[in-house]
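Each in structure tokens, the structures are laid out below.
The same chain A turns up in both complexes below, where it pairs with chain B and then with chain C.
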Partner chain A sequence: MSEPGRATATTTHTEDPTMVTAGAEAVTEPSAHAVGRTKGLVAVVALLLLFAAPFVLNSYLLFVLNLTLVYAVATLGFNLLVGWSGQIGLAHAALFAIGAYGSAIAMEQGVPFLVTIPLVGLAAGGLAVLIGFPAIRLTGFFLAIATLALGMAIVELLKGARAVTGGGGGLNVEVFTLPGINGSASTYFVTLAVAAVAFFLVRRSLIGRFGRTLQAVRHLGQLSGSLGVSALRYRLIAFGLSGFIAAVAGSLYGQLQTFVFPAMFEMNLLVPMLVMVFVGGAGSHWGPLIGAAFAVVLIELFQDLGDLQAIAYGVVLMVAIAVLPGGLVSLFATFRDSRLVGRLLARRTASERSEVRA
Partner chain B sequence: MTPMDTSTATPDSAAGHPVVELDGIRMSFGGNVVLDDVTLPVRPGFTGLIGPNGAGKTTCLNVISGYLRPDQGDVRLGGRSVVGGSAHQIARLGVSRTFQTPRLIPHLSATENVLTGAGRHYRGGHLSELFGLPAARRDERRLRGQARDLLETFGLGEHPGRAASRFPIGSQKIIEVARALLNEPRLLLLDEPAAGLGAEDVDRLVTGLTDWAADRDAAVLIIEHDLELITRLCPAVAVLHFGRIIQSGAPADVLRDPVVVEAYLGADFAAGD
Partner chain C sequence: MLQTVLSGLESGSWFALLGLAIVVVMKAADVPNFAMAEIGLVATYVGTVLNAAGISFWPAVVVTLVIGTLLAIVIDLALMRKLAKHGHFPLLLMTIGLSLALNALIGLIWGHEPRSFTAPWSGNHLDVGGLDVSWAQVVTIVVGALGAIGITAFFRSPMGAQMRAVAENRETARLIGVNAGRLSAIAWGLGGLIASTAVMLQAQSTLVSTHSAASLIIYGFVAATMGGFVSLFGTFAGGLALGIIQQVVGTYISTSAQFAVALLAVFLVLMLRPGGFTKGMRLRDV
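Moving on to the complex of A and B:
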């Protein structure tokens, strides 16, 4: 009764929809290095295949793939906030908009596109930290409502600042092309390169000390103080990083769409973003990619629903959380931990273990 | 019922200056006085803190570790007042603790959980980790090794990679102790570490703790109902009753004291548990 935060201590974690079930790497520690190497190899091969996409896909499929990667990057940041730090901050679509608009506007002023990427990242990261200052002291419903309101205010500002943003009518985006490569392939290559770097860096810090610290904050709350961790500080860092990544993705989104308008960044984007996090698997490493692919398919399916879209996504979100609390990636973990696979791998782990110890 | 003069009652008061000193602590929650003029020096080695449920033992730990700010009195760590410091600042001064109910990250491995206790021993920052600099990798390797060693010390070295939630509750409590030790604390606060542990686990705990403490100057303050364990480990013990220290000294003397016996039995009957 007397321990701070004791009330949360007694809730079982399985009841928690944002429960992280996909920390696959961490759980299988003895062979972690070997598993890591295999996964690294898979990642490199996948990356090479992705680089070949513009040569084999038609322009529609290339667009869809590009969009998936853009959403995957956005979800990478969202997942950091929601899945890893455990904060349901809902300004993500607005911060994504900051990236799309900021990049387009900076380009109008003569800033090269590639330079606008880190610039909008820093701007949105800073803004996210400002949003975070009040938000990190809130939890659950209040956190969600407060950040949702701030996010909506940002989109309203975009509508209002007609002189710079074109208001509700939207804004043309100047398309950047790599020398000697046609427009859509060039946009795709930039997206792919940014996505690869983002996934690589985020994953590396999440499998290490930074990721552990975020999870300690998420699972222990203020009790993480006893580990020398300032929960508030890390919650704020999570806000800043997720904002940075959201805007980077937003700048890529602007390039892909070539035209942006405020209505793109409202509920019809925010709810699918949540779907991407939870369907992929909150707190996982590759969930954002899987979730984004899933959501892009949904967006195609739901595109004719008009105003019903957000409701349809909401239903998908609830079903996903109820049926698969660990997201789609948890299916892989379940498969891997199953007896059959366990038996197949049993012979290998012994040798790997001695290798790791050596 | 004035608090005893603990400095003369503690048999090995010569063992050094207190690592932490509670001095006249008063703590109340909305008019309910939970700690009343608590003065308690904790010297290097093991000190027991016992008393019936609701006596205020956990509250003492919360005051020391910075989760609660006392209404009155001072907490001095190595002679310096730490009242008003936040929990993470105090932890970084070398104060570790465990919780009555273990708080681990359920899906992370035992080793990874222990590693979360290493915070102040990383030499590089998060950026060096992000960019994969050698310093960060050295940190990780060194501390991971220490985490594994600690698990072995406590007889849990067999499954360093198993998810914390898949360990029985007794082992989870021990993993939490190992996590606290990776901070290399000068003051370790244990809140009922043996509650819910089987005899085998208690042995692991005691062996691990004594091994760890043997070549260190650290002070360990243990809240525990298992009086046999207290007698085994602690040369000094203090008894808290309704927020006051009613007796302190060597366990053999303290536990025979009629006032203490009365407090324990009386409270247990009253509480009905």
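Moving on to the complex of A and C:
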């Protein structure tokens, strides 16, 4: 019998209904099941709505939505590293750039776009493990500086390797279209499909043993060795996975922008990425989506303000941190833990229980 | 070659001072401060405005330093203090947000054109055995060295000792009666003072702008890394070495490689000597 806590935390994980049998489990499991089913339903409806977007939205809004999804995927990887494994690795923007450039260059060589997605993922994942090697000796702020330096060096390399990357001038990206669908809608569908798969897979792995091990390593550090868990191995795995996801998002970003240049991937990308992780709440499941939406809306809203844009951006960021040090997600948690909602929920569960018993 | 080393020492002094400002705040308040260069830049811009308005040089310098110090203290009290209990991540982001906002604010008020801080000795040169030395370089290097000595002396004073105690173990330091909050404000003020000095030195020799702050802060962090974020001497020496390496690379290889080489230096230092490259060189603990 699986533990009830796990089933509650799961949407896609509603296990075999036959396991709900007699005993104490029978009282708690159905409500957990119901919650799981509702959550699953919400996810499916949201996905359907998102699939309908190209038919409803104008091209600008579709671009914004597409960008949000791309950033959400990138943040998913960043959150895995920063939030779940607790390592502030700051090479994420550079790995994202590797994805964008790698995919574009591979397509120039005749590799189909959909094949380049896993290819750049693997390449960047391997690179991320190498970048993560300072993690053997460094933690916390020092790791942040080392990875920041390496990430910046990668972007400098992109500037320098003129023959392959076009240098500072940039590189055109060949746009992939699904047959029979117009360009921007096709790009959007690919992004949506990849984002859905990425969120599903990452969520599945994080709610299981892998996620808990990562958290254990984050809290215990080297001490986790006494539990038979190699802290170093898990730290490097987190680096590799986050790099893989970053590059996948990067390849989608290249398709969306159709033109890439090194200046896109400097601090002006890394800072919003950090904001997305932070606002969404480090270590949460759906935070990346919320954080990405927040950052993209903020960037788009303030776009025409010139110098005021950066001020507004900085100030909003500062206010958000000062008011909500745990990120936007903490707002939901505060709300959920508040007495009123707690009472409402408790009453509902109680009534459900009595229904089950009846 | 000597000429290159000389200009390396000059820019190295800016990096070293900014690195020291970062380390001082890091030591006492445990905040990696990405807004340090902007704090110095705001103060320096006020100074250049006063200077342009006809106020003579030394009063303008004093006002600049006071503004830099006060600005840093206000930031600590108003923004940083209550975030401290939430760990490093919000603090880091707060300083990043602050640097964005301050940088844009400078651009909004004073524009993005580079400016300089004209000193009485600006444009004067010395000839030392065939070497062309400008007074601006002499002033920068001397002030940089004096600043480093001053900060080191400060950390040996009773208050500096308290600061080191807080950096070592905040809880224990408080138990024995150290006022950690007051020390944090002092450290921020000191950091702001040093940062304004660094940016002002840069401005009296060359031009500063909203763009120069971004690279200055990176180089400052490189210098701080070389000292392991702890060692004052390591930070100072690291900054000077960085300046020389950077000028040599710029002269003999290419100016576009300067930045990459600096980044590589950080990475090597962190991999080979994570505690800063002077760690273990001290013969006795002082």
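Quick notes on this structure:
In this section, the second predicted complex is superposed on the first by the 289 of 358 C-alpha atoms of A that agree within 3 Å, B and C clash if a C-alpha of one lies under 4 Å from a C-alpha of the other, contacts with A are read in each partner's own complex, and residues count from 1 in each chain.
In this section, contacts are C-beta pairs under 8 Å (C-beta built on N, C-alpha and C of every residue); 3 or more make two chains touch, one makes a residue touch a chain.
Please read these numbers as outputs of a predicted model, since none were measured by experiment.
In the superposition on chain A, contact is made by A:F278 with chain C only, not with chain B.
Using the contact criterion defined above for the overlaid structures, shared-chain residue A:V164 touches neither chain B nor chain C, since it reaches no partner.
Once chain A of one complex is fitted onto chain A of the other, the partner contacts of A:L114 are absent, as it touches neither chain B nor chain C. After overlaying the two complexes on the shared chain, residue contacts for A:L41 are found with neither chain B nor chain C.
Within the superposed three-chain model, A:L49 lies out of touch with both chain B and chain C [touch as defined at top].
Applying the stated contact rule after C-alpha superposition, one finds that A:V297 touches neither chain B nor chain C. In the superposed pair of complexes, A:L61 makes contact with neither chain B nor chain C. When both complexes are aligned on chain A by C-alpha atoms, no chain A residue touches chain B in the first and chain C in the second. Interface of chain B with chain A (complex): residues 34, 58-59, 62, 65-68, 86-88, 91-92, 96-97, 99-101, 103-109, 111-112, 115-120, 122, 126, 129-130, 132, 136, 139-140, 160-163, 165, 179-180, 183.
Looking at the complex, you find that chain A touches chain B at residues 2-4, 6, 9-10, 13, 20-21, 23, 26-30, 32, 201, 204-205, 208-210, 212-213, 215-216, 219-220, 222-231.
Residue ranges on chain A touching chain C, taken from their complex, read 82, 88, 134, 137-138, 140-142, 144-146, 149-150, 152-153, 156-157, 159-160, 267, 271, 274-275, 278, 282, 307-311, 313-315, 317-318, 321-322, 325-326.
On chain C, the positions that touch chain A within their shared complex are 32, 79, 82-83, 86, 88-90, 92-94, 96-105, 107-108, 214, 218, 221-222, 225, 229, 256-257, 259-260, 263-264, 266-267, 270-271, 274.
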